[in-house]
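Note that subunit A is present in both complexes that follow, paired respectively with subunit B and with subunit C.
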Partner chain A sequence: MTGLLAMFRRLEGPQTVGRGPAFWALFALVLAAALAYPLFSDGYTVGNTVYFFVWVFIALSLCLIWGYGGSLSFGQTAFFGIAGYGYGVLTINFGSAYGFTLLALVIAVAIAALFAVLLGYFMFFGRIAGVFLGIVTLAVTLMLERFMAQTAGPEWRIGAARLNGFNGMSAMPPLTIPWPGEPIVLFADIGLYYLVLGLLVLVYLALRILMNSSFGNVIVAIRENPERAEMLGYDIRKYQLITFVIGAALAGLSGVLYTVWGQYITPSSMGMTAAALPLIWVAVGGRSDLTSTVIGTLVVLAAFQALTIYGSQYALVFMGVLLVLTVLIAPNGLVLGAMNWLGRIAARFTQRAG
Partner chain B sequence: MDIATHVFSALYQFGDAFAFLVLSACGLAVIFGMMGVINLAHGEFIMCGAYVTAATVHAGLPLPLGILTGTLVSALVGVVVELAVIRHLYERPLDTIVATWGLSLIATQGTLIMVGSTMAGVGTPFGSFQVGDYSYSIYRIVLFCAAIGVLAALYALFNWTRFGVLARATIQVPHMAAALGVDTRLIYSLTFACGAGLAGLAGGLYAPTMTLVPTMGATFIMEAFVTVVIGGADVFLGTAPAGAVLAVVKSVMTSWQGQLFGQIGLLVAVIIVVRVLPKGISGFVLRERT
Partner chain C sequence: MSLLELRKLNKHFGGLHVTNSVDLTLQAGEIHCLIGPNGAGKSTLFRLILGEHHPGSGDILFAGEDITALKSFARIHRGLSVKFQVPGVFRGLSVRQNLEIALQSRHRGTELEAEIGRLLHFLGLESEHTQIAGNLSHGQKQWLEIGMAVSLKPRLLLLDEPTAGMSPEETHLTGEMVQRLNADGMTVLAIEHDMAFVRQVAHRVTVLHLGQVFAQGSIDEIVADERVAAIYLGQAHA
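== the complex of A and B ==
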């Protein structure tokens, strides 16, 4: 019981922005609005919102590895793709009876995490860091894309599942919850919305607890100064590897949910552009904080979609400009900057009142 | 098929792979070795070189002049990019990667919008010759010679010219070089332009051998990254030997299992090498010497 209480106390701390009753009241308000939202909206819009939520997981994974851990990984989309394809292969082969889709979700995420253990072992125990880490992960991602893109022939099949090359896999069953009477099939509208929203809140709160625990403090210490962290007796390679694997699992979760949402996955979901987008959301949002990452991702995604509707070709150019300008002018992120500014104003206000 | 034709075939494939790796990597390696900055828009500089080369050839100029124009235009674009973006980020190498990635996104999509999804290519010059049962393109031999020529020219540039001396001084201790009156900002600009120009040269040289699409840079960057990661920070002690080693891996794997496995072989090689030699070949050689 005390353990549980101590865990909840970690919901706020030095590594996350936002504390006190005001913040949590706002959080509850936003959550309530999100819960009530499907009641006032149509199926298509709700499904589209699920699509936004799906991407938040991969953004959070990048926030964890890059923002908190200080190692820039371009490989998140690789884990995204591995888990997405994993889910497809599993469910096409074994169907969706007896709640197998939920098990397939877990297995697919585990496969991505396992792959991250292997890759991360070579990278972190080889002590490559900084720039090289980015390049190696990017090379892995591009390689995976090229590999999947050439699997068009009929010889590329795993059981009943054809990999289908550049056209990608499709027609995998959606998530299905076994229920007495009739199983609940979660198509990309209200059902899936509540599941993904629940997962999102769970992951967000769990990451807050994790980052404010001693583990999170060590991760931030490694980001600030790896040598110092090592001199203090921490095996930084293990901490970096664990962070990397957690991040990979989150990216994998994103991939599975994406596959579930659209019931298809293609190699281009691991390409250069796909790898660049999460980076843009996280950089613009503010990579060193979970809350700003979530907000930034949703805002930039919505803006990107609006831009795509009005001038589809120019949307990517705009994203590139946004990224370059953010790095040059507000390296800590626009949303985080705004949040800190609001926080200072609120503090001044309360001081004056009190 | 006697032994000699087999040997020639293997040598030819090795030379082809070596030229591709060295030409696509040296621009990246010069910038990385000099400034510790990885230019993720490297592939787009290559694309720029290839496009300008093709455009000038279509305008009626001979291919060598076209390649020269491509190189110069890429170098000029490099100067502009350095002044506008890279210059402000020297203290933050990770942010440079992110910013240059943004530039790469802009360049790829911008080219798609302005030039269209493909551009008319340039025919491969020189034709081919026959050894044993197979015919070989003469242009590939030219590319191999070009790779050797680029390495030699870089060696001469960095060892025998005033710019080279100043550049090496700036690499070693930037503050000391600045204190002795070296305009380090100018040196950085020139080096970046040199790297961008080399990328443009690679693009121009390979323009006659491939289809010109806005995403063609991606074909080069994986090989370029892998070579630079394995080579480390020094062009001569790193990039050249790394190119040679990787060319063996790539040509053997390619002739055994096909193009894709050649690339997978490269990737596996790089992951193993970073575990064993984290500072690359040049780091290993330099440590042995001191």
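== the complex of A and C ==
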């Protein structure tokens, strides 16, 4: 019991909004609803929900690096694409037997993380910061997009996997869990839904623990005042690099899950629009809070899709307007602003009751 | 015993010779004040000692060890600590969190809580502990940063204008705080313009002018030195 209590305490802290029994009761309620939801819905809608969930990981990666760490990375899509293509190349070559797709997921994410170690080392140990960090990361993702877009010729292949230029790679096997008798294939409906939901809850809780730990303290200290943080004895380059690599792994996870979901990946997933959209989700939600980022991303994604489906040609323009409104009305994020407002009302209510 | 020794330290910014062959020795246990007109190179000297700038030539010795090539954070680990000129607190975080970040690498759990409480009391910031640091008054921010610098239990504390913007009462209180820390064995090097403060705390004073050590001695000797008065009145070139 005390162990459970101690764990709960580590999930809460000054770096995350939402604490106490009321918050966790609500959390359990939302989770129960999410678990029960596929039973009352059709395969297509569930698959569409998976699509929304998939993007939350890259949003969380930006929340971590930008919102908490204060380093604006404009190129999280680079890791998204590297991991997506990585999964494709691996599974097209080695197939899906013996649970290899699960291993491929891990390897693809690891490749993205390794690339981040290399890129991050030169950036942070070279003391690149502020707007220049954004420029370098954006340049990297656009360069990767350009490169992949010109791989249409038959000479561009890795083993059996053709890179296919602008059309992208497709027909890689979905995630497959080995099972006695018949392996379980996670198509983009209920099966994949539960896997992605599980990963989402796991990542969300793990990040809450990380950000409320002493490591998280240093990360926000670097955001607030890097010079002061260093003069308290912290090697800030190391902390920035670790955060960047964790973020890259999360963006990579998004990329693999996206590839698995649609069984395709294209260069445009690393392009300008793709790179800019996660920034909008995170800014609108509230970049310096995990919960706000998750809620904001899901709401904005759903609204964006609704706009596109119901005929509006102006969905992207609407995104821009949304970003401008956020910056003007609630620079820390609309969802975060609303949550803080609710928190203040609740505090006043309990004060009056007490 | 000398705790800090600067040997023939030089630093150029382009054609500007901001630190010109500076020799300075700090004895363990002293309170040493660094004064001089604006542009004398005082803050640059601090940045050299802290490793934010690297000297063109010369050596920096701390407790007998050559630290000239060490990174800033490594120098902090050796026992240096600093309060900057512009209050360098974590503005968006609470007072408590500011102190926690300073203390967490040495203390954990209930011990950390006790240490934070002790420091809040020392700084007189107990009732402000949930306040966002950016909302504190200027003097309180100065104290909070001094508290963070002190919490590392440094052997040498560098203070860059610790009383800037403070009232005479606050300045005097800060002086007493520095003397208390010194009595506990902390060596202090302070850049300060407020002569009342210098008179209150300094064991020795060094005057820096045009990047060079211009004069050194007790506060009475410095005040009596006509050449020092002259550079403050802008007649040194005459």
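Here are some notes:
The rule is short, and it goes like this: the second predicted complex is superposed on the first by the 344 of 354 C-alpha atoms of A that agree within 3 Å, B and C clash if a C-alpha of one lies under 4 Å from a C-alpha of the other, contacts with A are read in each partner's own complex, and residues count from 1 in each chain.
Convention: a residue touches a chain if its C-beta (ideal position, glycine included) is under 8 Å from a C-beta of that chain, and two chains touch if they have at least 3 such contacts.
Every value quoted in this text rests on a predicted model; they were computed, and no experiment measured them.
Contact with subunit B, but none with subunit C, is seen for A:324 once the two complexes are overlaid on the shared chain. Touch counts on subunit A: comparing subunit C and subunit B, the chain ahead is B. Shared-chain residue A:214: touches subunit C; no touch with subunit B.
When the two complexes are overlaid on their common chain A, residue A:349 makes contact with neither subunit B nor subunit C. Once the two complexes are overlaid on the shared chain, A:134 sits against subunit B while remaining clear of subunit C.
Of the two partner chains, subunit B is the only one that A:276 touches; subunit C does not reach it. In the overlay built on the shared chain, the residue A:14 is in contact with subunit C alone; subunit B does not reach it.
In the superposition on chain A, A:231 contacts subunit C only, with no contact to subunit B.
Shared contact residues on subunit A (touching subunit B in one structure, subunit C in the other): none found. Across the interface of their complex, subunit B is touched by residues 72, 119, 122-123, 125-128, 130-132, 134-136, 138-140, 142-143, 146-147, 150, 272-273, 276, 279-280, 283, 313-314, 316-317, 319-324, 327-328, 331 of subunit A. The part of subunit A that touches subunit C in the complex is made up of residues 14, 214, 217-218, 220-221, 223-225, 227-236.
Those residues of subunit B that touch subunit A in the shared complex are 32, 36-38, 40, 85, 88-89, 92-95, 97-99, 101-106, 108-110, 112-113, 215, 218, 221-222, 225-226, 228-229, 260, 263-264, 267, 270-272, 274-276, 278.
Those residues of subunit C lying in contact with subunit A across their complex are 50, 52, 71-73, 76-77, 81-82, 84, 88-94, 97, 100-102, 104-105, 145, 148-149, 152.
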